[in-house]
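The first chain written gets the first letter, and so on, giving A, B, C and D; residue counts start at 1 in each chain.
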Amino acid sequence: MIKVGIVGATGYTGVELLRLLVRHPGVQVAVITSRAEAGMAVADMYPSLRGFLDLTFTEPDVDALSACDIVFFATPHGVAQNLVPALMQRNVRIIDISADFRLRDTDLWEQWYGQTHGCPELVAEAVYGLPETNREQIRSARLVACPGCYPTAAQLALLPLVESNLVDNSNLIINAASGATGAGRQAKVDNLLTEISDSFKAYAANGHRHLPEIEQGLRERQPEGAEPAQVTFVPHLLPIIRGIQATVYARALDVDALPDLQALYAQRYAQEPFVDVLPAGEHPQTRTVKGSNTCRIAIFRPQQRDTLVVMSVIDNLTKGASGQAVQNMNIMCGFDETAGLDLVPILP
Amino acid sequence: MIKVGIVGATGYTGVELLRLLVRHPGVQVAVITSRAEAGMAVADMYPSLRGFLDLTFTEPDVDALSACDIVFFATPHGVAQNLVPALMQRNVRIIDISADFRLRDTDLWEQWYGQTHGCPELVAEAVYGLPETNREQIRSARLVACPGCYPTAAQLALLPLVESNLVDNSNLIINAASGATGAGRQAKVDNLLTEISDSFKAYAANGHRHLPEIEQGLRERQPEGAEPAQVTFVPHLLPIIRGIQATVYARALDVDALPDLQALYAQRYAQEPFVDVLPAGEHPQTRTVKGSNTCRIAIFRPQQRDTLVVMSVIDNLTKGASGQAVQNMNIMCGFDETAGLDLVPILP
Amino acid sequence: MIKVGIVGATGYTGVELLRLLVRHPGVQVAVITSRAEAGMAVADMYPSLRGFLDLTFTEPDVDALSACDIVFFATPHGVAQNLVPALMQRNVRIIDISADFRLRDTDLWEQWYGQTHGCPELVAEAVYGLPETNREQIRSARLVACPGCYPTAAQLALLPLVESNLVDNSNLIINAASGATGAGRQAKVDNLLTEISDSFKAYAANGHRHLPEIEQGLRERQPEGAEPAQVTFVPHLLPIIRGIQATVYARALDVDALPDLQALYAQRYAQEPFVDVLPAGEHPQTRTVKGSNTCRIAIFRPQQRDTLVVMSVIDNLTKGASGQAVQNMNIMCGFDETAGLDLVPILP
Amino acid sequence: MIKVGIVGATGYTGVELLRLLVRHPGVQVAVITSRAEAGMAVADMYPSLRGFLDLTFTEPDVDALSACDIVFFATPHGVAQNLVPALMQRNVRIIDISADFRLRDTDLWEQWYGQTHGCPELVAEAVYGLPETNREQIRSARLVACPGCYPTAAQLALLPLVESNLVDNSNLIINAASGATGAGRQAKVDNLLTEISDSFKAYAANGHRHLPEIEQGLRERQPEGAEPAQVTFVPHLLPIIRGIQATVYARALDVDALPDLQALYAQRYAQEPFVDVLPAGEHPQTRTVKGSNTCRIAIFRPQQRDTLVVMSVIDNLTKGASGQAVQNMNIMCGFDETAGLDLVPILP
């Protein structure tokens, strides 16, 4: 039994992390902090946890958190970078679900996030927590930066093509759509049911913070000499609670040299416990992964032309955030990688 | 490890039962029948089960089903009554999620269901599978008739008042609302998203089949001499997938003699693993039980007048159908009553 | 052409009022005020109005508003009462969509709204703007207090029974459910799509501000000597944008003396342009009134017992607020009562 | 006053057409046919029309329809082609909302629609009813083929770029998403609320019937010598009732030679009553066109790279079907083009 702490568990990634951890066989949740809600029982904020958890939010406190083996950060960006160094000094291992340590280029981070990075010295050590590419590094990592939700869906869709250098990297198009939990649990008019249900829209077409993360992730997996991945990324807002779909368009460099794409995807993910390549011709649906850590993927070559279409779906709160964080914890701690994550999606 | 079979698993109660059983520690799902889909892999119909279940629908067959310890019926009414006798003769225990054996009065059944009952001789033996009232009888039952979804919510809301004879039984009002899975997985225009989303309506106000079941259930729990429960029951259709709320109105017989209602409810359900009485003043929400077997209840006495209001919420597919069926199985087979049912609701 | 002004048009009743008024043949919208958004083009806040309206929000200003024949208040309660006296002194007629002048008993108002009333001297003059009961008084009114959304649905459902003294007034039960626009356009976590979609709940069971308004409205229509109406009112929140359903339960005083209820309702509303009594046995649906000023009503007597059930549906923003306000304006100004309100509901 | 008939008004395009026509100042709806529902009052099927329409469905009958000036077909494909010749012989003008006469190449039609065309001799005469490209031809047309919903959104998004030959036509990507009314009012499990709400998916990625229509429409507008438009089109299903968004990606042929794109779009549509080019940087939302005939468009050039992104939104039942049909009728009959179409979108 390891002890874990969670900083900032009042948001949706926090409650999702608790949903997973309270049933994890190797974990005891010891500390849950929230500056705003200190003193409140967690189950009073989230009645879904009544009977499963008997903890109270406490003020973030380095001493209390240092008694944990692992501390998760389920905070907005900008918070983890200030607390992480003190905890790592006391040998706590960190799994950061926020964006603080995802980009290796601190200048780029500061440009996209509009603030000075509080802990640039740890950026190089941080391991990008996408097990499908970095499993071995994660195993021994002291600090794991969990991928964003869109980057998880987008990279899993594109990796087999990019790793094999089969497509024109200069023009990768990622059309993605996310459920409203992607915007967090913030009191904003824009996220009211009355504003976004029975409707659909794109947003941030001129530039979303997940764009540089996706490009970084793809570029690190390209074979040497390949043209660096350049992505057009347009996110859309779905009137659903959970779920992301990425629909990705890439142009084959040489249609005559294309391998069997279905086999390429099947082989690439054959050993991955949380990536499911659908039978040829099947379209994924977000509801088939609701509440689970699975990513389902399908690849198409419409009209046998040269534009390939790949679709991936994940639950943005699970594989896109807290589930992937637990998967990383399992790898770091030597648990079975699926421990606590054997979740049958809720359908219907 | 017991072996279980499921007759008619193509509907929503079927896939929900599978979601629960594939992770149940004491159960092996051995047979899944569907006349219409025989030969199809179950996971091809329900992609949420990909990786969890490697079975194929087969034709209903008494021999194959007889090799099971327990057979669940997740069929429309009228099916179980024809297959059950042959299976019981071969010592298979039956858990019927359909309506076939819920009403003790066969005439009443035939009147409400508009057909002749195919197996009246087993009606008397059937145990009504509401563990909160019939746990001991369920333990040794050969045939359990699982309650309907509305009757589960309505009875759990009213039982403490009715058992204590505190309210005017001649005028119990049950205003209930259900998610659309309550109507099953049938190709009907009335259940299209385009017909029922962003809308609300009552239906069957002149009489719904769950009315006699609710009255029967309440009357069996009334103290001797009490006026027989008479219910006005109006169901409504919610544009949601899962969830039922019953809002129940009952008039106190004697307001001056009312006990502490919050304490009454808390005590009545103190030992029940799946009934959660909310703190005074809290309103239940269906989302706090989504995907779980829990019923949450709250009691109010508005304006300190003589009309009491009780609200209960359940997931209609879980506590209202397949979860309760598994709870019954656990009791029948001597498993821990919560085995396979330690489900944290998915919230948000 | 009359000139109208709107105070506080940034909320949902404001934009709904504009949707109706920009197409009204007898009206010119001259002034739209908003303290918070002064200087912003109205169509920038509500792109649905692009091309229909070329006005800018201005600071509330008595001089500017006094140039109008009619001023609507689409403000939270507590605002109109401070501005109305100055405007009335300048002979502006007022249609208040807020709650400020609905209750004749100022003490009751102060108790339910938790503040001192700023203009008690005008309360007696205010006409309650339910045309189906007060048409003649509205015609010459200087100050009309538009009914709340729930009270509109509830009173229209109950009036024929109460006016004829057919039911036990001591125990009227109003179970109502509203779309989320009922909560307004406020940045609150409770109203996020992620909190309320795919879910259902009751709220304010211990007392909602519309309760005294409903009781007042019913009591004013009772025949002399009848027991004063006493209401149990439980509102619920629907995961839809627009629409209210009231499902009302009332016990017949004497079942043997009941008239033909279908005929009673049909006759009561035969001359009402915005009340539609459905054919016997039909259940209303909120979607059949979406975007329109119509109230549809159905009456049932389940099992031929003594509890009657009446259902009414309205669009809470139209007949429940801004549409009714326009209907009142039409009556006050001598327009055809349906002018600008010949709205075919949007279905599907 | 002209007389119009509607063949096949039981579907969603039919009821939408009625919503528009019953308030059209120059039209009398004289005949509404439905083989399946002959004898039923239209308002009994669509209660939203109660009080607006007093007609009954009749069997399709050439004599009765021939008394009309205009007959609309709101039928599935394959129906109009069999009735149209007889009606045109009697000088009835036809507006076909179905797909029967959209493709000029009958072989292509037969390949995509999987059946023999019943009336190839009229295909050449049919005018493609997109007023933004074909207004003059529509004026005198005897047979107008209304565009599909996706093709309307896609072409309006792409026309300014394609007409000016600014982008690489060999690789136009149309990622589109539609509300569920796009699938019609058919009793299919796939369209149940329980199957598609709170979820998202792509469909028909390998080829959708609107693909050849989009390519045909674009190619007819290209300047001579331009490479023929080749489209990758992936439709997605939104859990909403009405609305389509097309998000279109096209690569600039020469970024240095690009004109001011915002101005290009503004000028192209300056005279169009139903196309609204949003201010630079604004993203369209489907809800801002709900129930209206407007298409809103926005153009982006993310990161100032060479991939352009254009978004368009329409109400698929209005501008995407029945509203556009009425717009065509207005042009054909010399009415004001906006007659009966001055619809303020319902927001929220």
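The working rule: contacts are C-beta pairs under 8 Å (C-beta built on N, C-alpha and C of every residue); 3 or more make two chains touch, one makes a residue touch a chain.
The model shown is predicted, which means the values in this text are computed figures rather than measured ones.
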Selected pair, greater C-beta contact count between A-C and A-D: A-D
Furthest chain, CA centroid comparison against chain D: B
Averaged-CA centre spacing for the pair chain D and chain A, given as whole angstrom: 39
Distance between the centres, which are taken as Cα means, of chain D and chain C, whole angstrom: 37
Inter-centroid spacing, chain C versus chain A (mean Cα positions, whole Å): 46
Where chain A touches two or more other chains at once, by residue number: 12, 181, 185, 194-195, 197-198, 239-242, 285, 287, 290, 348
Chain B - residues contacting chain D, complex: 12, 179-181, 183, 185-189, 191-198, 239-241
Residues on chain C engaged by chain B in the complex (per definition of touch): 171, 173, 175, 177, 194-195, 197-203, 205-207, 211, 230, 232-234, 236, 238-243, 245, 247, 249, 251, 281, 283-287, 290, 298, 300, 302-303, 305, 307, 309, 311, 313, 348
In the complex, chain D residues that touch chain C: 12, 15, 19, 22-23, 46-52, 181, 185, 197-198, 241-242, 276, 278, 282, 285, 287-292, 294, 296, 317, 342, 344-348
